[in-house]
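Going in written order, the chains are labelled A, B, C and D, and every chain counts its residues from 1.
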């Protein structure tokens, strides 16, 4: 990907900032060539989409919050969703993950129609999401938060809950797995702390780690870097790349164009509820529609200079 | 002032049938309010259907008491499902209003005079639980117990039998609760209490867990209602009014919401406090230590309830975690 | 800061104890026997305007207590059973009948033959009165006797259904207007603070009891007594906000925790009122008797009913206009919309909320005084009305004052008109059921606006 | 205290939840007639700074001074009386009030000036005049932003606090908003503006503060900040670098 390499270079020359340091941790990118034949335009078809939205619309009163003709999300890749505040990114997230219902249109996940399927069913099928404002369960410990992510737990049946021998084995396996994942996130030492006592960044990490406990196929992150300090941002970015290396598809909403450029294989730009552009990070930044809707004219001039220099 | 009488009465109140009824009802509310975050303010409705379930099935349909008890539990289950199906998606405060209204509807219907032959109307149903007294292995009229210095802890055989069965049920309920809340099932309930959407995103069916919690807590409520009915050998519709729920809620909060032993401790302390205050005041009034211009014998009971109100307020404001709660783990966050 | 709630509680407790006590408590300290008591006296209407009605005791009047079936609200007798006890009035007109059978529904019948010549029951349908006895309760009954011919009440069962319905609709309108007066406070408080105030029932009772105290204990004419109650109700509302709710808001107490606090406060207030007022339902000294009535077609209204309806309608319209057009009303609506933003535009949000409490307290007190005129004043009247008030507020959309008014009138009329087909004993059931359904399918109420999510 | 300062926020520590502070000792100084930008990454405490300054959030330690008078812990309505206007980022109109009623709320403390101020505000935002009787809840995003600004201007503030006034607006409207902000500032109103659009904001601001984790990270004139590679790299995004 020559375009993003160029970005890396630039980040590096600017004084070893965010993008430069990330190269220390290398993860394979199985999606490196997935988009080679994709047209850089709204609604462009992908070689193997995991999630497809057709013609979905959501209104609040008279306001059309989301109106997306076609959107395909490539499996095994990192897709970024960007756009100005109020563009409908979070609403689209809610529609795709079942937390809100579209007024019309359909959502297809892994080839099956999942419109109006309850969010917990989608989660069970492997589509898990995080929230812009972290939703850690403050009065549960970190470990309990993690164990909540376990699927098909027989101890979660009310009757079997009464007989511990019926679920103890599964619970121990779940705990071992939770500790394993916590270890990857360097959080084992705080496993018995109440989640409410964690800092904002640690909550983001916990939420991401907890999502992994559901063994997702597609993970949707709503502003994962918001409110996270720069040091932790590095670690979060590394984790996202590792997910991709493990074959998990990632969709995320983000404001920071640096982050978007660094980790995304594909970028979807929304404005006023509509997808206005799709493409690789480097070319999206030069797309007049994006400049008009999101980056603003002053940024356009900057990008020009950037390209020349 | 007869302090020996005061102490004896106070101590007895903490362990007699009334305390047991409130403890059972509060255990159910603890599961709803404390563990799941469901604001069920209509627990008395579950008690009423339990009590009427056993009362009507035994008196009107002539079924044996044991079958009646099963029917009482079944009524609690049906009410929970009927109430839960449409309402579990409501916000906490809306759910509170709806459950109060549902309990009120139940009370109005069972006391409806045209259904007198069936539910006894305003007179209720009496004398349907004679079997229960007959199963008593003790001599009902004999006195059992002991006197320890000034303390008189003697109970009639009838009372002792009822208390024994009652406390057995409390132990059973606590055991079930202990198993439930320390299981993965309980973990999901707590996560729903903290944040429904987080639990939903983790693949949990919020509706299923809330419904199960409503049913289980409702069953404890029905059990409380049946114990009330059977130990009194009578069901009176006007006993099942709103105030009962609120006192049971006070019991649950006093002990500590989200704690297995909370309702038991809360119930014992609540009734000892209530009875202690009443006995002291009564003695003071009859000794004319308090002039009748300020308070007479009838008003003692009223002052006692005024104190319950103040107690509930102060608990919620100053110690929402109750007696044995951990401030970090309290269910109703003062700052949520 | 945390001592403020306690100060509030103690102030309220002090107020409860400091007002002059009502004397008629049952004297015995032991479990009181179940007794029906009362006083037979007839009224000679004051000849001079401004003078009070004269009351003359009746000696030797015979009163019978019968087993009976009553309507749900215990306002009417549906059927009579056998005679359980009889009492004869003493020289001061007082009588007592013991009830060996305990709690239950009864009817009390006055033997007209036993009355002195020329003395009649004011309303001939009120010769037999309904009586509901709860456990351990003693009750008083009151017959309205007059010198001269009595009249009959209009609720005749034999009239055509449309006439009955028209009458019921008018009665329902009156009831609805009264509920509306009680509902605005609840709705505005919910709108501005988000608090579901379960103690609102006790604000209703307090208003009616205060009016009763001024009217009966101090002998102030009812109109002025009701106005005084309104002023005190407003003060009480403001005091409760300052002493209890404002400090809790400062502590960032959660809304659910606050509703539980309101339950506790309600229990306290209810028993404080019982402590002061006693458990006997009482009538006001004025307007218990009113013979003249004005007839429009099938509908005939007594002057007091006309006054109540026109006064409450006027006040509701004034409140609505005030909310719509005055600076204060706009500020109240602004605080309902968004308290932080209102503060940002220079509104003293705490002051507005206190004013809302005061307004709510004033309206609820007047509404309660009116309710006391049509029914009786008792320590449980707020509890009986609360769920209907909730139903009305929910119907109109929680937090919108206009919705609360519309919802109340709808509920009032629906409840009374439904008795044409529906047993009056269960007349509140449809309203409660409707409330449940509305909260489920349209939590914003029929007139509320749906909030945008996310 | 320096007498030239209109606003001086001194080492403020504040947060929403007990034990979790968003502001960790940040300071801001604003001179009369100055236009100051507050920048920084998400969660740096920019908006929290405005809320703490405006009395909407309890300050744990630190102080706020207005023209040499300490106003720490003073409530918002008292600050409005002293001439501070505030436009929040979201929920910045009263949805169930009409446009005119919203404007009226703007001069709540000085109702007699309503007519005169309304004429002036409508000359800046003519669109509001066309929709004067519509409920604010039915306005579009841009219209709401204009109404919010208009309402703040109704009270003739001497200091205006703007929380991301350009958020969610189309570029054309953003340009309009920035023009208006500059216009208002030139009329003598000191402005503190929190912005995501850092480059655009620094173009019109006299000075800028970059906050990070509730502390001051960098302070300087617009040019200084835009030419500091460290600032650009860490906080403003590379797009702003070339400036």
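Note that a residue touches a chain if its C-beta (ideal position, glycine included) is under 8 Å from a C-beta of that chain, and two chains touch if they have at least 3 such contacts.
This is a predicted model, so every value here is computed, not measured.
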item: Steps needed, at fewest, to go from chain A to chain D via touching chains; value: 1
item: Highest-count interface - the chain pair sharing the most C-beta contacts; value: B-C
item: Geometric centre distance via CA averages, chain C-chain B, whole Å; value: 30
item: Cα-centroid distance, chain B relative to chain D, in whole angstrom; value: 54
item: Inter-chain centre distance, chain C versus chain D - centres from mean C-alpha coordinates, in Å; value: 50
item: Chain D residues counted as touching two or more neighbouring chains; value: 137
item: Where chain C touches two or more other chains, by residue; value: none
item: Chain A, residues touching no fewer than two other chains; value: 61, 63
item: Residue ranges of chain A in contact with chain D within the complex; value: 10-11, 14-15, 17-18, 61-63, 84-87, 197, 199-200, 223, 225-230, 255-258, 271-272, 292-293, 295-299, 302-303, 305-306, 309
item: Sites on chain A touched by chain B in the complex; value: 97, 99, 118-121, 123-124, 128-131, 135-140, 144, 147-151, 153, 155-158, 160-164, 167, 171, 194, 196, 210-211, 213-214
item: Complex interface listing, chain C residues touching chain D; value: 327, 330-331, 333-334, 336-338, 340-350, 449
item: Chain C-touching residues of chain D, taken from the complex the two chains share; value: 54-56, 75-77, 80-81, 86-88, 91-97, 101, 104-106, 108-109, 111, 137, 151, 155
item: Contact set on chain B toward chain A in their complex; value: 176, 179-180, 183-188, 190-191, 193-195, 197-206, 212, 216, 328-330
